[in-house]
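These are the structures in question, set out in turn.
Consider the two complexes below, in which chain A is the common component and chain B and chain C are the respective partners.
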Partner chain A sequence: MYLQRRARFAYFLILPAVIVIALLDVYPIIEGVIVSLQNQNQMRANPEAFVGLKHYSRALFDEQIFWYSLGRSLVWTVFAVAGGYVVALALALLLNMEIWGRGIFRALFLIPWVIPDVCTALLWKWLYGDEFGVINFLLVKSGIVSKPVLWLSDPNLAMPAVIFVQIWKLYPVMFIVLLAALQNVPKELHEAATIDGANVRQRFVYITMPFLKKTSVIITLLGCIWTFQAFDIIYLLTGGGPANATKTLPTLIYDKAFWGLEMGYAAAIAMLMLAGLLVFSIAYLLVYRTKTQAEAV
Partner chain B sequence: MDGSMATPKRDNPTMSRRAVIVLVVVYALLAVAVTVILFPVFWMASSSLKPQSELFARNMTMLPVRWTLENFRNVWEGTAFPTYFWNSFKVSALSTACSVIISMYAAYAIARIKFAGSYAFSLLLLITQMFPHILLVIPLFVIIQKLGLFNTHTALVIAYTSFSIPFTVWMLRGFFEAIPAELEEAAVIDGASMMGTFHRIILPLAGPGIAAVTMFGFIRGWNEFLFALVLLQNHDLFTLPIGLASFQEEYTFRWDLILAGASIITLPVLFFFLVMQRFIVQGLLGGAVKG
Partner chain C sequence: MIRDKGLNRRETLAAAMGGLFMLTADEASAQATTNMTFWTVRLNTPELSAALKAILADFEKDNPGIKVKHEPVSGNLVYPKFLTAIRGQSMPDVAEAYSYHPLQFAAVDQMEPMDDIIDLWQKNGQLANIFNDYAYKKFFWKGKYWGVPYNLDIRPIYYRKDLLEAKGIKPPKTWAEFQAACIACNDPASGTFGAVFPAGDFHIAQHFYMSFMFQAGGSILDKDGNLVFGTTAKDANVKALTFLTDLATKHKVTPPGIASYNTDDAHTIFVQGRAAFGFGTGGVISRIMKENPSLFDKVGILEVLEGPAGPSGKLTAAFYNPMFVWNKSPAKEQAKTFIKWFIQPGRLERLYEAAPGQHWPIFKSDINTPRVQNNRLLSEALTKVVPYSTDFAYPGYGRPEMGVIDGEKMFAGPVNQVVVGAKTPEKAVMDAHEEMKKLFTS
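On to the complex of A and B.
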């Protein structure tokens, strides 16, 4: 009786949250599916006319831009996440030692994560500048290049340049999670291995890495989910240009929806993007579940 | 902290010399890493404190030759920046208040009460938390337009509340779980109602957690860019992120204004981060990633 009342009480408590999530998260997704099946072109009459899968077939078969953008998105995601992971792991290994000032270094390494996206983007635009950018100033002064590099306006360099910014932005979260995981590696294992004559490399490969495996998979998947859908930094740094070199899916969707005013087409591309993200998300949920079960045991 | 590692090394002089070398190398690597990683932030601060003539000088100096706050004065007195500032403050505060109040009840329920569907509800939170904003922004734009709320702060408050609830519930759950169950059992035995127990016993104990989550929500609103970009049109309604971004067109090449503005936006966030660092790291590990 008491438990039943308590369960009813629980439903009462979660009700407001459920209503808000249903209205503002679930319903918009459904509305998104509907919009993707409608004309929804602000330039034409009758925006709510049903057009079936026309937008989807246009994206998948008629135009190159979707596949091109997907390719750009994959390059952006893979390199940024891989780069972020390498930086994060290196810093986490350094700070896993018992050294003075560890807490201070840990806080300092988290700072890029705290800087608001807009500030990050504009700040890097200032750093990358060709005439007054400090990066070019230092490169020219040290004689590495003879004239300023056009980081953001050269189609071959723009993607690496924005990826670098995303690595800077992304690594702190991976770093803090990896550091926490490293601190759970039992010290006795390392000591025993040292006594048995294992060198640093062997201890890293056979003790540390197996312990980090699951955490690494989770944090990499989360990094992919975040980076794949990231919009602000690219939009503010290059706007998808030059010559579409950085036109990832989110910038393409934004352009189609709010510049081309083709809401329906943009929504269809967004749905296709969600399908891609679902692959990452399902993988994440599966790993996450096995991890929590393993912890419960 | 761990004496067992260090003691045997001290007995052995060759080992200790190796340990010193390792330590020197580690500190050298850390110093290089800090310099490279924090240089952009240092450069933002340094640039914003330089007079315009030095910003666009042929020969750059790492620190300002003449230190000045005139860029900050110019951006605050000469542009619409203060309006953006208060708009951001208003929208962030309102949306955070809404989402924290709604979330704390739900978080308490899934943390403390066994009921059918609590797993499904947690899963719903986890999934909605992953919805890409670029996907939500199109239908929300259509819905907001239909409701006649386009170009209002209400629209932004609604949007921000919607995407911060899943995250807030998820984080608060961990804080409620950490409160000993005996406390509320005692209150129930003393005849307190369930709601009364929550409000009078549990909520005060969860104070630090709620403060941390509130801070988090506020910062998310403070930083948010895409929804503000799409849902607002009038400059006098702009929030800081889109206001600052609009400087790029409005005041071309006025990097003095842009950098001073960026510093002002970053400062409160950085301050709260440094003060609440421990909490934030805990929340990050407990809420978003580990569960």
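On to the complex of A and C.
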């Protein structure tokens, strides 16, 4: 009886949060599904006409751009998250050691995280520029290249260039989480392993990584979710070009919705993207639940 | 009988009635003032905002019953902001925005017809004072005018007089002369490119292609408004795209990175004095005056080029920008009063002074004022570019689809794709045509 009352009280306490989440998250998703099933061409009469799965069929079967953009999104996500993780892990390992000034460096490495995306994009646009760019200036001056590298104008380089920016933006949050996880690795294990003759690589593979595994999976999945839906950096740096080389799903949705005025079609692509994100989210929830259950035991 | 000092019942009632009357009178006076929201898209720089503020203060002085609340809308957020407003039914009472907005919003029944203003202008002679019919006819669709023009936005080609003189070259007048001059002046080793134009996946890239398209005899629509981009106009459109992109791919007279350039990138290269020819907006004039005044005397504006179509195709792309009224606004009449007051000869002079070249008047009587005569670049633009300026639906008139064609960068894409070598000009034109066709049949 007492427990039931406590449970009711707990539900009562979380009710405001549930209402806010329903309003801010659930309602827009429901609205998105409804819009995706309507004509919603903002240039034609009767935008609310029901068209069923027409927009989904168009995206999946009629237009190559959806699959092309999905491919670009996967390349962007996989390389940005993998790159961010590697950089974050390396920095976390380094700054977990007793080195001089590590407190300052820990703070400095977080700076990219606090810079707004728009500023990040403008900053990197200036760095990458062919005529005014600092990177090209240094490369040419130092004789590494004879002419400016077309970071954002060459279809083969544009995607790596924007991925690099996303890595720069993403690694701080991964770094801080991994650093926190590293601090939970018992020092005694390392000491014992050292006495038993384990070298640095063996200690990393058999002691450090198992401790980081769950945290790594969680932060990687979160990184995938954030990156897959990231929009500002690509849109401001390349606009999805050159020649669609950086046309990820969010930039395609934006173009179709706000420039093409095809809200229904854009909503259908967004729903398909949401389905993709759900895969990451479900994986995240499963891993997170396993981790918390393991910790509870 | 001696009265008390306090109020009796009758006096209290009278005082209460008096107070009520005062409150009602106050409310009535408040109701007499209409508050109106005015969204602007292209008047938002500090200089233009300050000039607009002074103009709006004059309007409120002349029309004491109307208060205008000015709200700038960022260029990047124009469509999201308007579409959200349509969905939430919170559109501004009056707005100035992109070229095809009135028709696009009319297509979803959000625009108030402006025929009464056009009729008024017809009667008072203001219509005859507009120097190009396209300025207002482009807003005519399905039997009604959905917007009225208030300014002109031009796309000149600027050139360096000193560099051409040093090579003994006269300002080019034809495509062949232009190409030869770009090649002759190209000297990247000493920091000067032959030409610079934006070819990134941004809207501006198509504006310059558009001019060459007309000069080759091509177009997007025919005079009846049918899509001909990849059909009867295909050869001319391919020729124009080839000519423009050859500057980058074949003759290599542009900065190598133009495939990621937006408007400002190309402007900056020219304003820094690093290109013999620069494709730009009218705003380059104010940028030169502000950022590099020593360049002013060395720069000229090229007369619109003559291409394969000969004198009949001597045209350049330009945009007559509209003002429009929301048809569900409770202040429709006041919004129209505002537009009638705002768009009058001489009224917007302060805007033109604030950013020389960026905005051009639509009235013949405003166009050749001492302000223009005393500024050599403005005078050159007036005689060499403005008379040849036409809308990008030419030779057809406005259709809502043109806004999407522009918005979705359907013919900026081809410029970008050809410059990076992803497509041939013919393939790029045909792919763009297929995209446009879908739009017209959707």
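Simple rule for what comes next: the second predicted complex is superposed on the first by the 277 of 297 C-alpha atoms of A that agree within 3 Å, B and C clash if a C-alpha of one lies under 4 Å from a C-alpha of the other, contacts with A are read in each partner's own complex, and residues count from 1 in each chain.
In this section, contacts are C-beta pairs under 8 Å (C-beta built on N, C-alpha and C of every residue); 3 or more make two chains touch, one makes a residue touch a chain.
In this text the structure is predicted, and so the values were computed from the model without any measurement.
Trainee: Evaluate whether chain B and chain C can sit on chain A together after superposition, giving fit or clash.
Mentor: clash
Trainee: Given the touch rule stated above, what does A:D154 touch, chain B (first), chain C (second), both, or neither?
Mentor: The answer is second: A:D154 touches chain C but not chain B.
Trainee: Under the stated touch criterion, which partner chain does A:W168 make contact with: chain B (first), chain C (second), both, or neither?
Mentor: first
Trainee: After lining up the shared chain so the two structures overlap, which partner does A:M263 touch, if you call chain B first and chain C second: first, second, both or neither?
Mentor: It touches chain B and chain C both.
Trainee: For A:Q183 in the superposed arrangement: first (chain B), second (chain C), both or neither?
Mentor: neither
Trainee: Which partner chains sit in contact with A:I29 here, chain B, chain C, both or neither? Use first/second/both/neither.
Mentor: first
Trainee: Does chain A have more residues touched by chain B or by chain C?
Mentor: B
Trainee: Have a look at where A:L94 lands relative to chain B and chain C in the superposition and call it first, second, both or neither.
Mentor: The answer is first: A:L94 touches chain B but not chain C.
Trainee: Touch test for A:Q202: chain B only (first), chain C only (second), both, or neither?
Mentor: neither
Trainee: Is A:S57 touching anything from chain B or chain C once the two structures are fitted on A? First, second, both or neither.
Mentor: Neither chain B nor chain C is touched by A:S57.
Trainee: Give one of first, second, both or neither to describe whether A:W126 is in contact with chain B, with chain C, with both, or with none.
Mentor: In the superposition, A:W126 contacts chain B only.
Trainee: So chain A touches chain B in one structure and chain C in the other; where do those two contact lists coincide?
Mentor: Residues common to the chain A contacts of chain C and of chain B are 132, 257-258, 263, listed in rising order.
Trainee: So in the complex, which bits of chain A are touching chain C?
Mentor: Within the complex, chain A touches chain C at residues 41-45, 47, 129-132, 147-148, 150, 152-155, 158, 238-244, 255-263.
Trainee: Looking at the complex, which residues from chain A come into contact with chain B?
Mentor: Spelled out, the residues of chain A in touch with chain B are 3, 5-7, 9-11, 13-14, 16-18, 20-21, 23-29, 31-32, 35, 40, 90-91, 94-95, 97-99, 105-112, 114-119, 122-124, 126-127, 132, 134, 137, 168, 173, 176-177, 180, 187, 191, 218-219, 222, 225, 228-229, 231-232, 236, 249-250, 253-254, 257-258, 263, 266-267, 270-271, 273-274, 277, 281, 284-285, 288, 292.
Trainee: Quick check: in the complex, which residue numbers of chain B touch chain A?
Mentor: For this pair, the touching residues of chain B are 1-2, 4-6, 23, 26-27, 29-30, 33-34, 37-38, 40-41, 43-44, 47, 55-56, 60, 102-103, 105-106, 108-110, 113-118, 121, 123-128, 130-143, 158-159, 161-163, 165-166, 169, 194-195, 222-223, 225-226, 230, 240-242, 244-245, 248, 255, 258-259, 262-263, 265-266, 269-270, 273-274, 277, 281, 284-285, 289, 291.
Trainee: Okay, in this complex, where on chain C does chain A touch?
Mentor: 79-80, 83, 86, 104, 107-109, 200-202, 255-262, 265, 268-269, 274, 400-401, 403-404, 407-409, 416-417, 419-420, 422-423, 439, 442
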